[in-house]
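Order of writing sets the chain letters: A, B, C, D, E and F. Residues in each chain are counted from 1.
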Amino acid sequence: MKNSATSRTKRFWAGAAALAGVMLAGPAAAEEAASAGETMIQLAYSLDTFYFLMTGALVMWMGAGFAMLEAGLVRSKNTVEILTKNIALYAVACLMYLIAGYNIMYGPGLSSFIPGLSFFLGAEHTADAILKSGGSITHSKMADFFFQVVFVATATSIVSGAVAERMKLWSFLAFAAVMSLVIYPVGGYWHWGGGFLKALGFVDFAGSGVVHLCGASAALAGVLLLGARKGKYGPDGRAKAIPGSNLPLATLGTFILWLGWFGFNGGSELMISNIKEANAVSMVFVNTNTAAAGGLVAALLLAQFWFGKADLTMALNGALAGLVAITADPLSPSPVVSTLIGVIAGLIVVASIIFIDKAKIDDPVGALSVHGVTGTFGLLAAGLTNPGGSVLVQLTGIGAIFVWTFAASFVTWMALKKTVGIRVSEEDELAGVDLAECGLEAYPEFTRD
Amino acid sequence: MKNSATSRTKRFWAGAAALAGVMLAGPAAAEEAASAGETMIQLAYSLDTFYFLMTGALVMWMGAGFAMLEAGLVRSKNTVEILTKNIALYAVACLMYLIAGYNIMYGPGLSSFIPGLSFFLGAEHTADAILKSGGSITHSKMADFFFQVVFVATATSIVSGAVAERMKLWSFLAFAAVMSLVIYPVGGYWHWGGGFLKALGFVDFAGSGVVHLCGASAALAGVLLLGARKGKYGPDGRAKAIPGSNLPLATLGTFILWLGWFGFNGGSELMISNIKEANAVSMVFVNTNTAAAGGLVAALLLAQFWFGKADLTMALNGALAGLVAITADPLSPSPVVSTLIGVIAGLIVVASIIFIDKAKIDDPVGALSVHGVTGTFGLLAAGLTNPGGSVLVQLTGIGAIFVWTFAASFVTWMALKKTVGIRVSEEDELAGVDLAECGLEAYPEFTRD
Amino acid sequence: MKNSATSRTKRFWAGAAALAGVMLAGPAAAEEAASAGETMIQLAYSLDTFYFLMTGALVMWMGAGFAMLEAGLVRSKNTVEILTKNIALYAVACLMYLIAGYNIMYGPGLSSFIPGLSFFLGAEHTADAILKSGGSITHSKMADFFFQVVFVATATSIVSGAVAERMKLWSFLAFAAVMSLVIYPVGGYWHWGGGFLKALGFVDFAGSGVVHLCGASAALAGVLLLGARKGKYGPDGRAKAIPGSNLPLATLGTFILWLGWFGFNGGSELMISNIKEANAVSMVFVNTNTAAAGGLVAALLLAQFWFGKADLTMALNGALAGLVAITADPLSPSPVVSTLIGVIAGLIVVASIIFIDKAKIDDPVGALSVHGVTGTFGLLAAGLTNPGGSVLVQLTGIGAIFVWTFAASFVTWMALKKTVGIRVSEEDELAGVDLAECGLEAYPEFTRD
Amino acid sequence: MKKIEAIIKPFKLDDVKHALTGLGITGMTISEVKGYGRQKGHTEMYRGAEYHVEFNPKIKIELVVRADMADKVVDAIREAALSGKIGDGKIFVLPVEDVVRVRTGERGEAAI
Amino acid sequence: MKKIEAIIKPFKLDDVKHALTGLGITGMTISEVKGYGRQKGHTEMYRGAEYHVEFNPKIKIELVVRADMADKVVDAIREAALSGKIGDGKIFVLPVEDVVRVRTGERGEAAI
Amino acid sequence: MKKIEAIIKPFKLDDVKHALTGLGITGMTISEVKGYGRQKGHTEMYRGAEYHVEFNPKIKIELVVRADMADKVVDAIREAALSGKIGDGKIFVLPVEDVVRVRTGERGEAAI
């Protein structure tokens, strides 16, 4: 409890104090040394927990990144709704994951395919248990939950961008609830929860598959059932450009995501309190950064050569593509190899966005390409760069995550479509979903509506 | 001082090095163990200090959150001025708190009601003193100042939103100076500074009362003396909506505040370097997050049912309401109880905003409701959830903070009103305060003025 | 690799565990104590590495700050291009510094003037080496690279603002590549890399000279070769105001920079894991904050007295001026002295912006004044406040950095000018560089073009 | 039929609209314009350099009315738009030859 | 020569432009306006307080044509702008006395 | 009295304003419009998909003048707005029947 700097509660671990002050006599040394060991376990536990909380906070911040990115890439008449979706999905995801999602993902499972079900969070680790474990319980359970819960929000954020400008707000939030309660946790259980993908040796360090491919697969199911935005494809079937209304916001969103990704990947090492782990986390930071840089430069150059102009939005997607791709394994490759992975991802994402656009799959922000296509690429690359990786196993993992997420999402979207509907009326879409759904305009004073 | 990775200064604590390298002989063991103890105190001190600095930086970031939230919720013609107020008040608060505010709040007092007065910061803790204390001095005095100074800026930020769009810039900054020099520190002294509220057992972990209720009380005094914005109430007395001009900014501001709140509440545990503290900080993070999520969802649903539309601005206020409410005690309740506290706060804030609006108290951003009403609710809830809490004591604390802050603020505002004036001319208000006060327009190219 | 909370890899350092569990017997005590020492070295290494990564992440975030600040201060028709420049230069700088820049700056040099040349990053410190060093290797090499790489991006960001609204995108990025590959690293080598400025006793804690003056010198060379924006100076030669198009973005950018600066200066202490270092880092945080606050208030007051209006953009520049000035030495002065340094910097920057404007050097965002003029002032002030400082040595350092950077940049800009050209066509400038260079508009829906 | 074009101060729009609907007017079109006139603009400083804002924001109201209504409409606008301060604006009356209502195809006075 | 002013629904702009270019029209000028008419606005809630949006967004198309083209142009606009729902807009025809093309100095019909 | 409507390139506004004030003109009203004409728009790529910008930004100047001033005003605008490049714009002259100054109630030429 907060208090002035003068009247503090005594330190919990008296060991250190004792050591510092009293210990000059011989006989008690061994006993006190035990205390020293305990103190070090406590310190390491604190450091790892703090590291978890800080990196988790960075991942939480990615929610703002998605919100800004998507708000910048839609038209102003649909901006309030996308903002509402983004911040509300974060809240919904947090609550659903608290209710049961976390337990489904990380609780004891029924088999390596079927997770178990239980509700709410269990008790925190006791000091006794931690000390008895000799330090193999490395961080707080609550910190673990916090770190994990921001991941499920990320997965769900991916969906909102792809279905933007035409999906009903509440249907979307209903889907977000199902996704964070069940769909994402089941896929997560298979790998990080200790399920069959883990057993197979699937490599997915921080979630190119578990998080990003999952989000993109759910989005794809939604987009297919939803159809393209009115006016996206001309009578001749050609894709028309629908420019985003606020590119500074989109750029800010990308910067936020880039920053948050240091938490996303950096925190996924799960521990930092010894030399090996600290070195690993550092390597992850460097590789994450360099892959993003490579992706951005490659996408910008490709856009320049292909379209003759330096398309900023492609550069932004390129950076994100690099980030998604390296997420599968930001630890084993060298920075140079990471740069290359980023570069390839940056090239892929530009081509993929154009291809998907031409295939009449309307994805206003490029989420399918950024998270799905380059997520898949990243997983395959990890099969090669990771010493324990295998392309075959990676393909199995990709297939499993895609099939499960797509199927479960399709069923969910379909159920929503058949009941409450998932698409706003044509009239509302024309006028913009903001007024229809939220009764507000994002920029009431300047929009030329 | 910065330098290359190769030529580092030797580590200060030679103990560890010695231990690692030399210590294989028996007789010196005990002596060296003392060194080990000292090293551990040093490590813990460093970790706690670092934790303070990082969480303090997050709270500083809340200044940007308030600036963006308020800039998004006012009209574009008053945007530059609100931005100027927000960033300047942060600076002014930092300077005033440095000059004497911090000492008033945390220095030795004259009685449990009357704080002492001294100027500028005292000396940093010496290594000797820390080691001798056996680790009960847990972090740097400068880090403590840094953490505390960002809190006073938060309290003052609350005021700027409520008086937006009509208050004179320099009068506001003058008030901000008085508030951060005296008004806030005195209330703070009563509780965190070890005054009578502390003695009574008042529960206010991170400042639902000391910071948020204080800010709202000061704002209320200002709003009452200032009157409503021209055109806010029609001739028939009905409140008219004055839509905010940039909702992406308001959403970004809320995300920033949400992130910053992990520092606000998480840092208020004041220590993280042992298992118990690390667990506590983790619990605080989880509860802070879940209360915000609950508040957001509840406010959004209530808006949907009440107005028929999903009012984004209410959702944002709902999240902030959850955050303010849980701030009184984010440690004792379970995550489920915290969610409920957030939910109730989210419901309260919507009703309160509408009620205050109808009561002809014009608060453009809802600061009175978010910080005052739900701050009060949070303090009362803490009286129930905290094992050492008492609703009676909480009421005493609420009363004390409100009466003191309101009265002192009222006098200050009144003095300003009688001398330099606090309200811009009608003409300037009509044309927007930006041009009159700052000579600039926020969006000179797009505003339809 | 990410995994559930239940199945963790055993802790690397078995020492602590052993101590905690087994060690009650006497004879093994000394041996185990060695283990304890090693564990403490590991913990300190982890803490310092983590501190590096977190402060580095804050500096990376400054990239977003520059992007927003500059995007807010240019006209909307040039906004996409400035965003593209800012995010792309960050990527380019990261790649160039990875290829050779870091090695040039921190690798072994040929002489104290001429750095060496090698490519890509060397190997990470091994645990053995660290332990053997007795803890004098304090943090991961990769973390060091990460921290350093974000600095070079900062230096390059400074340039983009000064040459905004008229420079070709790809020519700028080419310059950014040269600057981060060679120009900045050479100047950096002279001081932080252990070159002759280091030997002379030059005081530049975190880069008022190495980073900010360097960036401004490079920018000055560019601006002189580029000329003023069309329409900036009337036929009568008087400077015309060209108002920035989005002041909330500019304010957000300043807040981001302010936050990031805690990483910039705070991380430059390079170590936090003992009492002395933790206290030092805390002092740096406090001084950094207070100098910014002083700068902001001083600039705002001066603008009010001088122009009769509280010019927000001057206040923002004032805060940045305080930050740049204190960067030369945020450790030795007291908070009060730091405030004064900030105040003087805030006054200087306003005068300097106006003077430079009148001198027909067209710098849309004030980068030359903020980073160059107040950077120089900060270095001189450090010559006085730092116990080991000397104004003469400071002048030498300023001269060396300025002459080298200006000359090398001038040659680079000139080469670009003579080959691909550095300035867009008059027609493109009139229509805005966004469409010409990027094919996009920042706000396609609202701009009154 | 006549077309009335009125340039007024933005904050007078509500009053003018009320005055017009009070006369039974059922349609009008408004736009944002900037006016140059006897009401001078203002000079501001941005980062120490002066800039002149010579054009003041105004609202332009356009409405087509039956010829016999024109005078009443002009008077109503004049009264409602009057603040007495410089810059209150102008009202222009122009001849109109034909009017068509898109929805129904009606022409002439019926279409107003 | 006649000036045709049409107030239409924004999403009909493309259709109207096609219809006009189909007639051989080579120039027109458009602007964003807000219309008040039989098509009522809508009422929204912002933070619990009502606000009425009485003006609907419209596009105004202005073009000057040869007198003998006027009827054809009016018909073409009418057809293309028609959605049949209230608020489809109005077309006004005004007399024009002279036209000048800035670039060439041509006057009258040659300048259109 | 005549109403002069000129559609010009935005960057020519300053020159035209100077030319007009040089003639003793004391009032005018401007607005932002988009023009379609011989000056073609441009085609851009956004994320790989083409989009056509067919309307170019223009400024519309409206001013009512005494009939005997009309020619001088038209000439002054023409000269000042001329860049010689396609898209320089048009000037239209329309008849005006009455003018009212809101502030004073003056009518006719006195009100201009």
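The working rule: a contact is a pair of C-beta atoms (placed from the backbone, for glycine too) under 8 Å apart; a residue touches a chain by one contact, two chains touch by 3 or more.
Note that the coordinates shown come from a computational prediction; the quantities given were computed from them, not determined experimentally.
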Intersection of the contact lists for subunit B and subunit E: A, D
Common touching chains of subunit F and subunit A: C, E
Centre distance in Å when subunit A and subunit D are each reduced to the mean of their C-alpha atoms: 54
Centre-to-centre distance between subunit E and subunit A (centres being mean Cα positions), rounded to whole Å: 49
Cα-centroid distance, subunit A relative to subunit C, in whole angstrom: 29
Interface hub residues of subunit C, defined as touching at least two other chains: 29, 33, 36, 40, 43, 47, 54, 131, 141, 243, 246, 252, 307-309, 311, 313, 439-440, 443, 446, 448
For subunit E, residues that touch 2 or more chains besides their own: 31-32, 44-46, 94-95
Every chain pair meeting the contact rule: A-B, A-C, A-E, A-F, B-C, B-D, B-E, C-D, C-F, D-E, D-F, E-F
Residues of subunit A that touch subunit F when the two form their complex: 239-243, 306-309, 311, 313-314, 350, 353-354, 357, 366
Complex interface listing, subunit B residues touching subunit C: 1-8, 10-21, 23-26, 28-29, 32-33, 36, 39-40, 42-43, 45-47, 49-50, 52-54, 56-57, 60-61, 63-64, 67-68, 71-72, 79-80, 83-84, 86-88, 90-92, 94-95, 98, 120-121, 124-125, 127, 130-131, 139-143, 145-146, 149, 169-170, 246, 249, 252, 437-446
Residues of subunit D that touch subunit B when the two form their complex: 10-11, 32, 42, 44-46, 57
Interface residues, subunit D side, partner subunit C - complex: 44-51
Partner subunit C, residues of subunit A touching it in the complex: 29-31, 33-34, 36-38, 40-41, 43-44, 47, 51, 54, 58, 75-76, 105-106, 131-132, 134-138, 141, 144, 192-194, 198, 203-207, 243-248, 251-252, 254-256, 258-259, 262, 266, 268-279, 281-283, 285-286, 289-290, 292-294, 296-297, 300, 304, 307-313, 315-316, 319, 331, 334-336, 339, 443, 446-448
